[in-house]
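Here come two complexes built around chain A, the first alongside chain B, the second alongside chain C.
Presenting the complex of A and B:
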């Protein structure tokens, strides 16, 4: 089985309090891996370890090894000589729980990160923006309003913009931290559909609170409790239908 | 309960009314006395305006040299103070921690509490020191005045820059980092533009202060009659000092009225500078946001 991530003995603490302790896991490259667990169990922290975002918060201390499959090779992302954090974060895109557009227009939201890549061709940026907006189904809705401030759009549209902004950077791995948690049912389902359509193109790691959603999207599940992994199972090992939901909620 | 809210409202309204009234009275007073005397002869005296503006002929009995002097002084002061002031604010907001941060912000607070006359004295002593050591020919001049004014206005820049950057939501930084921005790109393309309005507030405060301060320049090179400032090392005239001098020494009604005219011009100059700064900021913000 091809892997997208290999995590060994990962520990993260903030201000001396453990958020994730001694976690080891192997995530498949195919499909969506879903992290489940109660609030405060360390899901977000685990996810942020994959794009080195934890270290930007105060009181961070971490140890362990994380290797990601980037450019066809397994790379140790915490070793200094393989990748700069900046390059890593462009290759490993992240979408957050609450839509976080920058306080600027739709166009600038997508173009600015592109323009700041050293040596990036400006004329290519427009194409990438259009492609990314089409991929998240936003193009038809916003193509006449590209210069409108992003915060004037609905929550669901903003979240799809954030997804598009990440996709425009052409990442290899997508990290999704409860991307539908702040949205209503309809917008959630829309985003879920787009994620399904993307799962053959990117390796994805997602945090979800919602078992129904996890079963719909995911093919590999990791259960966390108090910073440790309780179980990791793939979808194939689960029975069909209602029974699977029951097993999953027992594990939570 | 209801009565208390009502009382609070009335108090708030009265306070606002008091501020507006004071402002209107002051402006009204200035306009009443100053507006009638604002004309070309107030600026240029008996010299032809064109010759005065090009500097080919000196102006003796107009406020033109003081007007230009103040403009140059404010420009120089901002040129000296802008970078270190904003830079120090950024450093305090983003990079310093613990004791270093405390010490530095205390130093800034102390600097902010130095009265302007003391800053003037400092400049004066500095030039005496320079004369005895490195530069025996040094005298008080526009550069020295601008330097001392820069020290005076720097704390305003530091404090407003720092607080407006610190009050930005943390999620802005996290967003930037997750999109692969380097620290430098984050500052240049996200944090500083997003804090632009606050920083502009500091710049306005600093410019206003530099334009109106009299105590500092009195001890560091302003004179009553020097014509246009000839260079960085020359004496200069300035509107606030002209007003002060007129108020103290006027001999007839006409001279007093010229003082009012100068006060009014100073007010308009400050307003114009503030307007230009805010216009510039709005243009830059529009460009940054990309919104039409």
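Presenting the complex of A and C:
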């Protein structure tokens, strides 16, 4: 089985308090891996370890090894000589729980991260923007309002913008931290559909609170409790239908 | 604001107190200024200040006030924006903290200390290094820009802090460095606060009396080079009041005061309009 991530003895603490302790896991490259667990069980921290975002917080301390499959090779992302955090975060894109457009127009939200890549020209960035907005079904809705501040759009539109912004960087791995948690049912379903359509193109790791959503999207499930992995289970090992839901909720 | 029946009486009373006091002040100055204008009329707008012969020219003072406050504002504001960027990520952490603390302490230093220290330190330096008496537009402008910096930096800083807290994780996840986040995201998003801090700075620079009195030389003339002495409207009012000239000379001071008030109010309105425009553009 091809892997997208290999995690060995990962521990993360903030201000001396353990958020994730001694976690080891192997995530498949195919399909969506879903992290499940109660609030405060370390799902977000685990996810942020994959793009080195934990270290931007105060009081961070971490140990262990994380290797990601990037450019066809397994790379140790915490070793200094392989990748800078900047390069890593462009290749490992992240979508957050609450839509987080930057305080600027839609156009600039997508173009600015691209323009900061050395040697990236403007017309290429425009093309990428259009493609990304089409991929998330936003193009028709916003193409006449590209210069409107992003925070004037609905929550669902903003979240699709954030997804588009991440996709425009052409990442190899997508991290999704409860991407539908702050949205209503209809917007959630829309996002879910786009994620399903993208799952053959990217390796994805997603946090979800919602077992039904996890079963609909995911093919590999990791259950966390108090910073430790309780079980890791693949969809093939689960029975069909209602029974799977019950097993999953028992594991939570 | 909506009328609220539950507003406590003491709140209403203090609101009424402050607004009536302010309007009384405005009306008083406006009336006296008009009186001054009627009595000394055209002799106000000439270049000679010689009250014994009936010449109350305040044009050089208007010129000096404008020149000094604008030059101090431009340098002080530029350095403030720079300081803010330095504090938020362009400088090393210890230096940033050091600078922030210095600026905080500076707000507590009384103006007269700046003036006093400059008379003994900066004035000789300029006299020996650049020539002239050392009491000049340049001297006053250097100290005044320093004086108005802390207020401007602290007000920009609070905006920077808020916006940086909102955007830093997002930007980091998109591959921005902290410097890039400041330059490309935080700075443009704090535009309106940066402008309004310029308004704050201008108010302080135009209204300050002590620094120009102590350091600008007070000669009634049009300063053409930075080393020339000048007398600002504020210094003029202070100086004339503390010597015993009476009658029409006093009334001419109200005209000077009225002009100061008018300028600061128009600046206020102008900046508000700009701010509103920026705000509406998002």
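Everything that follows uses one rule, which is that the second predicted complex is superposed on the first by the 252 of 252 C-alpha atoms of A that agree within 3 Å, B and C clash if a C-alpha of one lies under 4 Å from a C-alpha of the other, contacts with A are read in each partner's own complex, and residues count from 1 in each chain.
Please note the rule applied: a residue touches a chain if its C-beta (ideal position, glycine included) is under 8 Å from a C-beta of that chain, and two chains touch if they have at least 3 such contacts.
Quick caveat: nothing in here was measured; it's all calculated off a predicted structure.
Under the clash rule set out above, the superposition-derived model of chain A with chain B and chain C contains a clash between the two partners. In the superposition on chain A, contact is made by A:56 with both chain B and chain C.
By the touch criterion defined above, A:125 reaches neither chain B nor chain C. Once chain A of one complex is fitted onto chain A of the other, the partner contacts of A:100 extend to both chain B and chain C.
Shared-chain residue A:25: touches no atom of chain B or chain C.
Contacts of A:113 after superposition: both chain B and chain C are touched. Touch criterion met: A:87 reaches chain B and chain C at once. By the document's definition of touching, both partners, chain B and chain C, reach A:149. Overlap of the chain B and chain C contact sets on chain A: residues 51, 53, 56, 86-87, 89-90, 93-94, 96, 100, 102-105, 112-113, 116-117, 148-149, 165-166, 169.
Chain A meets chain C in the complex at residues 51, 53, 56, 85-87, 89-90, 93-94, 96, 100, 102-105, 112-113, 116-117, 148-149, 152, 165-166, 169. Note for the complex: chain B touches chain A at residues 171-182, 185, 189-190, 194, 288-292. In the complex of the two chains, the chain C residues touching chain A come out as 163, 166-177, 180, 184-185, 188-189, 282.
Against chain B, in their complex, chain A makes its touches with residues 51, 53, 56, 86-90, 93-94, 96, 98, 100, 102-105, 107-108, 111-113, 116-117, 147-149, 165-166, 169.
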